[in-house]
Amino acid sequence: MTYFTKRYHPPGTSPGTLIRRDKRQQTSLRILLTDYTDSEYIEQVLTEPGECAAYLQRETVTWIHVQGDAEPETMRQLGKLFGLHHLALEDVINMGQRPKMDDYKDQLFVVMSHPVIDAGDVSVRMDQLSLFNGHNFVISFHPGENDPFDLVRKRLSDHVGRIRSRGADYLLYALIDVVIDEGFPVLEWLGGEVEALEDELLDSPSKNSLRRLHQLKRTLAILRRMLWPQRDVLNSLVRGDSGLISDENMVYYRDCYDHTIQIMDLIETYRDMATGMLDVYLSSISYRLNEIMRVLTMIATIFIPLTFVVGVYGMNFGNASNPWAMPELRWYYGYPLVWLVMIVVVAGMLIYFRRKKWL
Amino acid sequence: MTYFTKRYHPPGTSPGTLIRRDKRQQTSLRILLTDYTDSEYIEQVLTEPGECAAYLQRETVTWIHVQGDAEPETMRQLGKLFGLHHLALEDVINMGQRPKMDDYKDQLFVVMSHPVIDAGDVSVRMDQLSLFNGHNFVISFHPGENDPFDLVRKRLSDHVGRIRSRGADYLLYALIDVVIDEGFPVLEWLGGEVEALEDELLDSPSKNSLRRLHQLKRTLAILRRMLWPQRDVLNSLVRGDSGLISDENMVYYRDCYDHTIQIMDLIETYRDMATGMLDVYLSSISYRLNEIMRVLTMIATIFIPLTFVVGVYGMNFGNASNPWAMPELRWYYGYPLVWLVMIVVVAGMLIYFRRKKWL
Amino acid sequence: MTYFTKRYHPPGTSPGTLIRRDKRQQTSLRILLTDYTDSEYIEQVLTEPGECAAYLQRETVTWIHVQGDAEPETMRQLGKLFGLHHLALEDVINMGQRPKMDDYKDQLFVVMSHPVIDAGDVSVRMDQLSLFNGHNFVISFHPGENDPFDLVRKRLSDHVGRIRSRGADYLLYALIDVVIDEGFPVLEWLGGEVEALEDELLDSPSKNSLRRLHQLKRTLAILRRMLWPQRDVLNSLVRGDSGLISDENMVYYRDCYDHTIQIMDLIETYRDMATGMLDVYLSSISYRLNEIMRVLTMIATIFIPLTFVVGVYGMNFGNASNPWAMPELRWYYGYPLVWLVMIVVVAGMLIYFRRKKWL
Amino acid sequence: MTYFTKRYHPPGTSPGTLIRRDKRQQTSLRILLTDYTDSEYIEQVLTEPGECAAYLQRETVTWIHVQGDAEPETMRQLGKLFGLHHLALEDVINMGQRPKMDDYKDQLFVVMSHPVIDAGDVSVRMDQLSLFNGHNFVISFHPGENDPFDLVRKRLSDHVGRIRSRGADYLLYALIDVVIDEGFPVLEWLGGEVEALEDELLDSPSKNSLRRLHQLKRTLAILRRMLWPQRDVLNSLVRGDSGLISDENMVYYRDCYDHTIQIMDLIETYRDMATGMLDVYLSSISYRLNEIMRVLTMIATIFIPLTFVVGVYGMNFGNASNPWAMPELRWYYGYPLVWLVMIVVVAGMLIYFRRKKWL
Amino acid sequence: MTYFTKRYHPPGTSPGTLIRRDKRQQTSLRILLTDYTDSEYIEQVLTEPGECAAYLQRETVTWIHVQGDAEPETMRQLGKLFGLHHLALEDVINMGQRPKMDDYKDQLFVVMSHPVIDAGDVSVRMDQLSLFNGHNFVISFHPGENDPFDLVRKRLSDHVGRIRSRGADYLLYALIDVVIDEGFPVLEWLGGEVEALEDELLDSPSKNSLRRLHQLKRTLAILRRMLWPQRDVLNSLVRGDSGLISDENMVYYRDCYDHTIQIMDLIETYRDMATGMLDVYLSSISYRLNEIMRVLTMIATIFIPLTFVVGVYGMNFGNASNPWAMPELRWYYGYPLVWLVMIVVVAGMLIYFRRKKWL
C-alpha cells in the first residue's frame, strides 16, 4: 500500500480533461441498469451507456452502476445523457480522490472510500466509489472486480423493507451505507491485529514485530486519511444543505453519520495504541539488554579477578633459592590457600550482587 | 478487554433489522415495571411485555426496566407498544454503541456507557445502557447480571426527595445520573492504580510493570472512547434541544453534565501521566544499565591490565643464560617489583575513576 | 498529592444530600461576619449561623466567611437563611470540585481552587474556595487552617481604595482576585524548581532526579486540571452573563481574567519544558553510557590481544630439541621481540581509536 | 534549504519602501504581455513596462507576466500604471512571503508558493508567485528561471476549453491552479522517498539514514509552513469575499480548494510517518545492539570460566613432593578430567542460554 | 533567561497600587516629547512630566516616550495629566506582562513584547513596551537602555512617507511595527542556530550539544509565550473593535498582523524541529554506542577463545611419562597445529561476522 495513490493530470492541463493517465491492465467493464418503482422492477446489463436513455423519461428511480475501470468515452456519453459536470467526471477518472460531496444545484456528486482488507500484508486497499444523485436517478462507479452492491440489489428485487418506495435519495443512502459499514469488519480485523501485536511485543519482541508494527501504523494512517473526510461528507448531508434529500430519509443519513463517527473513534484509539507500542517495543528490548548485561557482568566480575589470581601463580619467578621470589609457591598450604582466597572473593562478590539486587 | 466490542449486521443488511448476531450464552431476562405518581407506587415483574399495556393509558409515570440480554421478539413487542423507532431498537440489540442521543420528536433515545471495574486484570467493562423517554414513560435496557438501579427504586418506594413528583424527565435524569456517577469509584480505583504503578516504576521496575502499564493505557483509551461522547450527550440535553425535558429539571441535568466534565478531566490527567510513565520506565532501565556497566567497566579495566602483567611473567622465555630472556625473573626483588607495578596501576585507575565520578 | 481528591456520594444517592463521607479529623470551624457600607464597618465572630439574620434586612453589604470544614447542619441553616440551592450546598461539602460558576438567577455560586505550596515534596495542595454572591451579600467557604482573606478584611476596615463603596460584586471580585493571585508565588516557586532541575539533569543526573522530575510533572498536571477551568469561570463572568455584576466593576474582573490567562500560559510552558526534560535525562544517561563503554572498549581491545600474545609464550611446548616447538623461546632476542610486537599492536590500536575519535 | 527565507527591511523602515536588500546575482528579467478576447489573441515581449499602457484602455483581458527578479524601478512603473498598492509591491520585492490574499476593494493581491523539487538533497525550493487581479487584467510575478505558465499560454493561443471566454478571474484561477497542482508531483516524489526510507530503516539502518530522515522532516516542515496558508487563501476566495470573482467561475476555485486540502492531507500523513520513523530507527538500532551484546555475552560467559580453569593448572605450585600442591597435575587422568569439567561447564551454560532464549 | 519574569504585588493588595517591588539598579530615566503636525515639528527632552501640559491643548499629535524604568511618581503625574486608568498604570510598573490590548473607551492601552538578542547564551530578552493611545497623543514606555524608536523619530523629522499627516493612530502603528519587525532579525539568527545545531548533532554530538539544544528549546518556549498573544492583539486591532483607529490606516495594521503570523509560523517550525532534534541526538548516540560495542565484541569474541586455547597448553600437566597428560605438547607438530586451530577459529569468526554484517 503506497501513500500516494491519486491520479492526476500534468499541472496546467485544462480542467475537466478526460484522459486515463496510467495504463494499468484494466478490469473488465460492466454497466448494470436497475429501474424500479414500488410496483415495478427491471434489471438489465447495458452494452452501451446510450441504452438507458429510454428509462430516463419515466418517473421511476433509475440506478446505473458502472463496475470496473470506466473509459473516458463511456464517461463522456453518461455525462451528456445525465448532464453531469465535467469537473466531477474528471474526478471519477482520476481515482484516489478524497471523499467529498459537491453540490451542483440539481445534482449531488459524492465520492466515498471503500475499504477492502488485503490480509496478505496487514494492509487495506481503498477503492473509490463515485456517486451521482439527481431527482430520480443514481449513477455509481466502482473500480474493483467485485460488485459490493449485490445485497442492495437483492433487497430491491425482494422488496425488503422500505427501499422500493422511498425514492432515489434512499437508494443513495443504501449505497453509502454499504460502503461505510464495510469499515466495521475492517476495523474488527485490525483490532485483532493490534491485540495480537501487543501480546507479541510484550512477550517476545523480534525484529519482525517492528516491521509488522510499522505496517500497522501505515495502514491506520492511510485509513484515517481516507475515512476522516467521510464524516464531513455525511455531516453536510445530514445538515440538509442540499434539497435533494427528503426530510423523512434524513434519519437514515443520521444513522450513517453515527457509524462514521464510531469508525473514526476506533481508528483514533488504534492509532493511539500503535503509537504507544513502539515505546513498549523499545522498553522491552532495553529491559532485555539489561538482563543480558547483568549476566555478562556477573560472570565477568566473578571470574576476571580469579583469573588474575591464578595468573599470578603462573609467573615463573619461582626461583627456590630467592626468598623474595614467590615464596607462596613453596608454602606447604600454598595451593589450598589460593583456593580459599578465591572462594572468599567470589562470596564477597555474590553478597555485593545480592545487595545490588542483580541476583 | 478488547478494542472492538460493537455488534453489527453484515454491510448491506436492511436498516432496522433485529437479529442477534453473536450467540454468546445469554444472561437471564427480567422485565420490571414501576408505575408511580406522587401518591401511588406499583412495582411488578412482567412475564410478557404486553402486560404493561394497561398502565400506558393512565397519567402516571411508567418505568419499564429490561435487565439482561433482550431477545429480538421482546424488542419488537415493546417497539410496537410504545412506538419506538426501528433504528433505535437495532442499536439496543447491536450493543457496543457509542453513547449518543437521538431525538425522535416525541421521544428521546439515549445510549449511555456503564463502567464496571474488572479488578482482575486492571480493566473496566463497559455495559451499554439504552434509554427511551416519552411523555410519561421511561424504558431502560441493561445487559448485565446486576440491576444498577436498585437504589433509585428504593428512593421511589421510600418517597425520598423530589423524585416521585417530578415526572418522567426527572426519572430519566436519575437513571443517567447513576450510570455517570459510577464513573467516580472507577476513577478513584484507577487513580490508585496509577499511583501504585508510578511508585513501582521509580523504585523497582520489572518486566511485569511494562505489562501493567500497557494494560492501564488500554483501559484508559477504551474508557475515554466510551465516556467522552457522554459529555456531548449531556451537553445537548442541557442545551435543551429537546422539548421533553422541563426547565425546572434542567438544573439537575446541568449538575450531571458537570460530573461528565470532571470525569473526562481525570481521564485526561491519567492518560497524560500514563504516557509519561513509559519514558520513566525507559529512563529507569537505562539508568540501571548504566550502573551495571559502570561496575563491569571498573572491574574489567582494573583487572585486565593486571592479568596482562602477570601473563608476561608466565612466558617461558626464562633461559637463565640469555641476558635478553626475561632478566626480571632473575632479579632479586623481581616479584615484589611486579606487585608494586600492579599496585601503582590500580591506584592510577582508581584516581581516574574518581575523577570521572564513577566511584 | 493524589490525583483523585473529589469527595462523592455513592452513585444513586438523592441529589443535594448533605452528608460528610470522609471522617478525617476536622479543622476547627470559625464563622466570621463582616458588615459594611461606605461609612460603617462591623466585624463579628458568629457562634451560630442564625445570628446573621439581623444583618440581612439592612441595605449593607454582608460578608459571611466560614473558615474550616463546615458541618452539614451549619450548611443547612445557612442554606435556609440565604435561600441557597441544595445542589450548590452539596458541592461545598463534597470538596475537590472543579472550579465552576453556577448562575441561579438571583445568586451566583462560584467554586475556585486555592493553590498552596507544600514545599516538602515539590507539590501543591488545592483548597476549594466556595462563594455565594447575592444582591447584597457574599458567603465564602474555605476549608484550610489559615484564612487567606486577612488582607481583604484589613483593606475593608482601613477603607483602602474603592472597596467599601462598590457593593457585593466588588467584594466577590476582591476575594476571587486573592485566590487567583496566589497562583503567582506558586508559579514563581515552580519556575525555580524547573530551572534547578534542568541544571541538575544536564550536569549530574541521578536516580533521584527522575523522581523529582516525575513529581514536578504530577504537580503541573494537577495544577493545570484545577486552574484551567478558572479561566472559563472568569471568562463567563467577564462576558457579563449574570446580571449580578455591575458594568463599572467589570474592568476589575477583566484584569482578573488576564491573570488567569498568564497563569495558564506559564503552566503550559512549564509542562512543555518538563516533558522535554525526560528526553534530556535519557540522552544524558545514554551519553554517559557511551563514555563508559568507550573506556571499557579501549582498555579491553588494547589488553585482550596482548594477553593472548603473552599467553602464547606461556604454553609448555618448549621442547628444546624440537625445532617446531616454539623456537621463538630460544631465540636470542625473542623476549624483546615479543615486546616490540606488543608495542606495535598497541600503537596500531591507538591510531585506530584516534581515527574513530574515541580518544 | 534554510528555514528563514524571508527578505525584510530593517525594523523602523517606512512601509512600502522598495529596495532590494540582498544583492544575489539576478536572474534575467523578462516581461511578457498577453492580451485576448474570445476572438483575438496578442502575445508580445515588453522591453519596458510602459508599453502596456495602450492595451489597458481596451475591453480585453490583459495579462502581464514578469519572469525573473523584478527591479524596484520596474515595480514602481507597473504600480503607477495599474494603481497597485505600495504595501503589496513591497511584498513582491521582499520574497519569502507566506501565501496570502489581500483584498484592496478594486483589486486582489494574491501570493502563492510554487514548490520545485531539488532532487539533489531531498529538498524542495519554494518560489513565490505574486498575482494582481483587477477588473480586466492579471499581473503575475515569478522569480525563477523557468516560466511555469507555458501550458496556460498554449491553451490561450490554441483556444482550448473555456479559457478565452471567461474573463480575468478565470485566468487568475488557471494560474493559481498550475501552481497548486505542481504540489502533486512533488508529493508523489516525496511519497516515494518516505517509502524508500522506511524500507532502509527497517532493513539496514545506517548513519546516513538518520541524515536523510532529518532532511525529509525538514522538507516536510517547510512545505507545510508554505502550503498550509494556501488552503486559507483558496478558502476565502471560495467563500466569495471578493466581488472580483464571478459565480460561474466559483466551481473552478472550489476544485482548486479541494486540491489544497488533498495536498495538506498528504503532507500531514507523511509528517506523521516521518515522526514515527525516528522511533523505528532507534528501535532498530537498539535491537541490533541487543543482538551484538547477546553474542558477546555468550562467548564471554562460556570462555571466561574456562580460561579460569586452565589458568588454575598453569600455576606453578606443582611441587611433586607436597601432597597439597596441586595433586591434580599428577593424577593419571588429570588432564582428561579437566576437559570433562570444562565440557560440563559449557553444556550447562548452553542449556542456561537456551532457557533464556538467547540461542 | 528565567521562565518567570512577571512582577506582581502580594495577593490581596488593592488593585492599581503603584509600588516598585524589585529594587534592581535602575536604568536612567529619559522623557522625550515629540509634537508635530504636517507642517510643524518639535522635539524636547522633559525634566518633569508636567511640562507637556502645554502641548496637550493644541490640535497636534503629541508623543511622549519614557525610556528607562519609570518611577511610580512619574507614572502618577502622567496618569493624572492624560487620564490614564490606574490598572493600566499598574501593568506598566509590574513588567513582564503578556502582550494585550485594553480598550478604555476613549483610549487604548497596548502592551507589546520587544525581543532583543542576547547572543551570549543563545537566548532572547523580552522587554515590555507599554503604549497609551488617545485622540491626539501617544505615550510609550520602554524599560531598556536603548531607545528602539530612533528611526521613527528620524522619519518624523525628515518628513519621510505619510507619517506626519496621518494622526496619532498611524504613529501607534509605526511604533508597534518597529517592535514586531524586531522579531525578524531575532528569528533569522535563531534559524541559523537551529541549522548549526542540526549539523552538529548529526556529525559530532557532544555533551555540550545537549545543553545548547535545551537552551534553544527554552528560548523558543519563552519567545512563543510572549509573541503568540501579539497576534491576538493585532487581530483585535484589525477587526476594528476600537473606534480610535481610522479606516484608512487599517491596511497598515493588517500588514502588521501578517507579520505576527509569519513570526508565529517560524517559531512553530523551529519548535517542531527542535523537538525532533533530541531524538536525533539520542539516535546518534545510540548509533555510536552500537559502533563501539561492535568493535569490542569483535575483538573480544576473536581473542577470548584464542586466549583459552593458549591457556590450555600453559597448564602444567606435561608429565612426559603419562600418555594422558597433554600428549599434544610432545607431538612433533604440536605447536604449529595449535596455530592452525587458532587461525581456523579466527577465520570462522570473521566469516560469521561478515554474515552478520558487523564487518
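For clarity, chains are labelled A, B, C, D and E in written order, and residue numbers in each chain start from 1.
Everything below uses one rule, namely that a residue touches a chain if its C-beta (ideal position, glycine included) is under 8 Å from a C-beta of that chain, and two chains touch if they have at least 3 such contacts.
Every value quoted in this text rests on a predicted model; they were computed, and no experiment measured them.
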item	value
Contact-graph distance - origin chain C, target chain D	2
Chain-contact steps, minimal, separating chain C from chain A	2
Length of the line joining the C-alpha centres of chain A and chain D, rounded to whole Å	25
CA centroid of chain B to CA centroid of chain D, Å	40
Chain E: positions in contact with at least two other chains	279, 282, 286, 289, 293, 296, 300, 304, 307, 311, 314-316, 326
Round-the-ring chain order [start: chain B; next: chain C]	B, C, E, D, A
Interfacial residue positions of chain D with respect to chain E in the complex	2-4, 6, 8-16, 85, 87, 97-98, 100, 102, 104, 204, 207, 210-211, 214, 217-218, 221-222, 225, 275, 278-279, 281-282, 285-286, 288-289, 291-293, 295-296, 299-300, 303-304, 306-307, 310-311, 313-316, 318, 326, 329-330, 332-336, 338
Sites on chain E touched by chain D in the complex	148-152, 155, 160-161, 163, 177-179, 181-182, 184-185, 187-188, 191-192, 194-195, 198, 202, 251-252, 254-255, 258, 261-262, 265-266, 268-270, 272-273, 276, 279-280, 282-284, 286-287, 289-290, 293-294, 296-297, 300-301, 304-305, 307-308, 311-312, 314-317, 319, 322, 324-326, 356-358
